[in-house]
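The structure is given below, and queries will be raised subsequently.
Each chain gets a letter, A, B, C and D, in the order it is written, and its residues are counted from 1.
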Amino acid sequence: MNEKLSQQVKVYVIACSGPADLNGVRMLVDKNELNPNEIVAVMGKTEGNGGVNDFARDLAVKSWCTFLCAYFNCSPESVLERVALVMSGGTEGVLSPHFTVFTRSFIPFLSSSEKGLVIGISHTKKFLPEEIGTMAQVLETAKAVKLAMQDAGLNNSDDIHLVQVKCPLLTNEKINNLLIRGAMAVTQDTYKSMAYSRAASALGVAIALGDARQNEIDNSTILSDFNKYSGCASISAGIEVDNNVVIVFGNLVGSSSPYFISHTIMHDSIDIKSVLEMFSNDFGLDLLKSYSVISDRLVNIFVKAEASPDGLIRGERHTMLTDSDVTSTRHARAAVGGVLAALTGKTTLYVSGGAEHQGPSGGGTCAAIIKRK
Amino acid sequence: MNEKLSQQVKVYVIACSGPADLNGVRMLVDKNELNPNEIVAVMGKTEGNGGVNDFARDLAVKSWCTFLCAYFNCSPESVLERVALVMSGGTEGVLSPHFTVFTRSFIPFLSSSEKGLVIGISHTKKFLPEEIGTMAQVLETAKAVKLAMQDAGLNNSDDIHLVQVKCPLLTNEKINNLLIRGAMAVTQDTYKSMAYSRAASALGVAIALGDARQNEIDNSTILSDFNKYSGCASISAGIEVDNNVVIVFGNLVGSSSPYFISHTIMHDSIDIKSVLEMFSNDFGLDLLKSYSVISDRLVNIFVKAEASPDGLIRGERHTMLTDSDVTSTRHARAAVGGVLAALTGKTTLYVSGGAEHQGPSGGGTCAAIIKRK
Amino acid sequence: MNEKLSQQVKVYVIACSGPADLNGVRMLVDKNELNPNEIVAVMGKTEGNGGVNDFARDLAVKSWCTFLCAYFNCSPESVLERVALVMSGGTEGVLSPHFTVFTRSFIPFLSSSEKGLVIGISHTKKFLPEEIGTMAQVLETAKAVKLAMQDAGLNNSDDIHLVQVKCPLLTNEKINNLLIRGAMAVTQDTYKSMAYSRAASALGVAIALGDARQNEIDNSTILSDFNKYSGCASISAGIEVDNNVVIVFGNLVGSSSPYFISHTIMHDSIDIKSVLEMFSNDFGLDLLKSYSVISDRLVNIFVKAEASPDGLIRGERHTMLTDSDVTSTRHARAAVGGVLAALTGKTTLYVSGGAEHQGPSGGGTCAAIIKRK
Amino acid sequence: MNEKLSQQVKVYVIACSGPADLNGVRMLVDKNELNPNEIVAVMGKTEGNGGVNDFARDLAVKSWCTFLCAYFNCSPESVLERVALVMSGGTEGVLSPHFTVFTRSFIPFLSSSEKGLVIGISHTKKFLPEEIGTMAQVLETAKAVKLAMQDAGLNNSDDIHLVQVKCPLLTNEKINNLLIRGAMAVTQDTYKSMAYSRAASALGVAIALGDARQNEIDNSTILSDFNKYSGCASISAGIEVDNNVVIVFGNLVGSSSPYFISHTIMHDSIDIKSVLEMFSNDFGLDLLKSYSVISDRLVNIFVKAEASPDGLIRGERHTMLTDSDVTSTRHARAAVGGVLAALTGKTTLYVSGGAEHQGPSGGGTCAAIIKRK
């Protein structure tokens, strides 16, 4: 961050009537409340199964590209080089589809000792199919996180509260191409490849933030040693990208953003104790006491949800992993979405499925952005 | 209830490894902790889709019949005349499959001014397919509720906190048979017939308990005027019954049961305010404060969940009704299951889908049984 | 058709790696084999559930608009006014996602007594939500079919072999808007609304082609009297349109198209007798005898598939209508897709689900386009 | 087979209205057309998802045990020692749920030079969870096939046309137990464990029949080298067994059975050429020519279906392996069920999903039993 200028991040949560609906965005732009040229990142929750064949994510990305290219005066595809578009599929249960839009501008520095939100973005190279879910993806992600930190002006990982990554998956086409070349995919199961890609990306975040040491991690760690994780990582896999897109969120003194971010770790899908404590300790807010205050000041929660891999929660059996009709990520989003919507009275929440190495096994990263008083 | 004898209801929540697994039950019987001859009702949550082709419910019913007929010295089918077996399909998200077993015995009266749990059961006649979802089912259910109240010793509807009903649905076979006879089904959509059957049964409960007047209700009310409802009704439809099975739960002075029941109404899927108040006001228990006390004293929660029919929750869009992959009842159970598991720290909860006329539109009946101190 | 000019329709079947993949199209354009300015219609089979929340259709439509607007020198949305884009969701089983692209040009008339393929397109007005599934939609569709016939140069309905319609569905949003205005939707079940919209559109086709008389049809006919149908109608519902898009296909003397179309009616999902006869009688081709000839000359089959509403096929029970996990249209496409792929050795077939009033109950319209010798 | 006695197998295909419906069976018994004491095997197609949590299979097994134990004068569980009960889940598309019941008796030998159907059954030991999907299961299955051949009187593998196996799968409970003991499961994905168990069982059949040599096969072959297979193997996995149940079918001179069996290999899901040739060459029957003859003489077809692992069929992409809503086995059964129902005019067919090492990759074993003239 420039010494003389102060980073100002603004955050907008905008409901949509479908993955392609940007009318809400357009309205804010028309009213001069949102400057499209300042948009640096969009994190969307789109309705869909959140699995391999969820094209709602791609539809949202394409709609944003078409919308923004007119302002940026570039091709639709080139929008992706400038804005981090992360769409997470699946709004099961009470969750409501929406976009969280982040703008960034630099304004003259106003002296203040309080910390405020900053944001940085970066991209990795495009991955070869055989790199997905391996150390190659781990290390490239770690590098990209460092770049995004630099972009945000963040040097200290203690100031970082959320690292959001969008990562690719394996399709049958990619797997066949790779087999023809004599290469090996980490898995030939396309749905499972989403878990591998998320896992490798999360371990990359863990290394970059110092949550794990690089020499402790190799290919055998991935999707296996769940004691290695980052409590700041939130990873979404999707068919619509070939590289990793990284967004880093933190707080810095000198930021002019009217927002503040913090995070905690949910130790399982129903761990509300940790969430209540984060709101109380970090924000001075008492959840359950006053929905109206929360409703006013809470911008969004970003949380990862998963079915605990051992098939148990609080010692009892769950059935998310033995359901051959509905994938476990859909189950997990629905449950955790219910939990957090009940606590906050809000349903436009970013609840994302598949929390491998993103928080402890069965739990997940949980970050929240609030308006500063 | 006999003046000289006191009703004693015992309640057992028993986990299972599948719909046919009664090993946990067998163990309690072997240890003389559970007397199978005293069992009057079983309410199971079985894993499955909870829809038309959910045979896990039937498998559980048949397993219970096979198990109990040896003790009752009768045929497996005859068990159904003596015990109310209500299986509710679907343990989405964090919910855990289990059986809640109710025994009833009559012991010498011990003078006490405190109220304790009582239970009564009854059955309607078998319904013709054309009666399902119509006033015929409404009125027969109302009669059966009265009979179950009598069986329980309950005269005052203020003492009643839960009326659980198991009701039939329409299969293509039933619909065809009926069309051949020139009769009309209320719907030819088998999944929708579950909603009709639940709706008519719930309105029957409403009439019996005085929540609605009989002359206010006709066929056009069913699945249409959701202002008519009972906040005590909990209805599950299933392919495994042809009649309605009714269980009434309440509290009475003179009961020797070590349990107490109360209920509230959830106004939407994330209405935890009502639940917190019930625990605080009716049980003197502060949820969120001490999981260990709750875990010890809370036996089970019985709650109905549904996707609000207008597609909105707290003013935001939900996608449960436009999901062509996963039925709305599965979504709703997953979400509400998450909410209540988070509040109580328990996942062996009776969360049942489809709350038509069982609580207000979008919300549902919520009852809880606790151990008396 | 102009007397001095001859209509020339060309047809291209182009595989895709996803709903947004137009690389195959681009390649043909680059090689000057396909003139994008001559495209009048695209009928796509996109992967997805084919239900309410199938956004793959919309993604394909938007991708085509973005692609074509550069050639047409118009906005992406305006492409829809010039080209009939009909995307049908669901490529279950062996079916393969693809686009069938139709171009039309007019060339100097070459005297010939043989008939060749002609095509015409039209649109209805945008429907109010309350009009969907009612006589309003029936009559507007009938009018639009007449317009499309005129556009094709077809006066005689005997020359018409396929009328493809894309029609809207009801979302919760549309239903709520309508309820607020005091209007009534034909159904509040969004998935069911697809059936209503297809049914009304099919009856409109039936009236236009003389398969049914207008005075025989009223609102009570829709989704009820399945003896009223058109054997040429093929209707797909989708969230991506608000009006009906109509494409009429037929044969005319004077056409210079190197293609010919015919049709038959499948009387149930496994009625291969009718298909074999069409190929033998109308095309002089013996299916099953030589895949290489068929593979060379068969362009595509356009067929409607449905679960027979009485739950029976050839007197035996099917389970498509009682499956609460997978919708009946997905089942039907998978089965009929298998049948026709086996007969033809091709999997890039246009098999579309939901055949209400499109062929007899349980069966469906079946048209095929072949290369003339 | 005893020299003086002749084996007589009878086969009954009996429709059911649900997995627990044995009314059709009971009727045949009451009419003395079926002797329950002679039943040696039942192969059922039950409606369900055919996956891990498909309890329809177990419900059918328990219903058969309850039904037969009265005749056998034994406990329900003991029925399993005497009768091979193989339930295969999933009747997608046009398939109709049914049971194929096999009785066996020995009658005085009637000299005849023609071959007729014989049958033999056997069981393996119960498998440890860590043995499932490994060489341990391969070798035990090979042994059990030899035992079943002996039971049938079959010495020559050329006379064998179908080896049906029911095999166990891994549940989370089994996996946890095994991890606690420090053992390793072949996979921790419960749905994938079905594929491993089928694969190992199929390779066991291949070894027993000489389709593969034991020294060519090790753990690395399983689910990997699909060139190793048996064209006679048909394997179904299910939660309801802990061991492998084996049924061998063949033809022998000296059999008094009024039936004959043959088999072919489908090379992909739409390979009707092979099926037509089997009917023509082995049965002298011309499919497609006369449904009435086929309908009269064809008892059942037993076929394995799978999504080809490379994501392609006839060179075109299929989407069965990238569908996160519906499992690939459901897709494959629906498609192949359509194919064979169209060819035969019958829908009560035994089409089973997951053909790993059961026929070539993407194809599957296909056997048929017909009445002898």
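General observations
One rule holds in what follows: a contact is a pair of C-beta atoms (placed from the backbone, for glycine too) under 8 Å apart; a residue touches a chain by one contact, two chains touch by 3 or more.
Only a predicted model underlies this, so the values are computations on that prediction, with no experimental measurement involved.
Number of steps on the shortest path from subunit A to subunit C, with steps defined by chain touch: 1.
Ranked by separation of Cα centres from subunit D, the top chain is A. If you average the CA atoms of subunit C and of subunit D, the two centres end up 39 Å from each other. Work out the mean CA point of subunit A and of subunit D, and you get 46 Å between them. Subunit B has residues 17, 47, 49, 53, 171, 173, 317, 319, 322-323, 325 in contact with two or more other chains. Of all the residues in subunit D, the ones that touch subunit A in their complex are 49-54, 171-173, 175-176, 188-192, 309-312, 317, 319, 321-325, 327.
For subunit A in complex with subunit B, the touching residues are 15, 17, 47, 49, 91-98, 269-272, 276, 288, 313-314, 316-320, 322-323, 325-326, 330-332, 334-339, 341-343, 345-348.
Interface residues of subunit D facing subunit B in the complex, by the touch rule stated above, are 17-20, 47-48, 53, 55-56, 58-59, 62-63, 66, 76, 171, 173, 239, 325.
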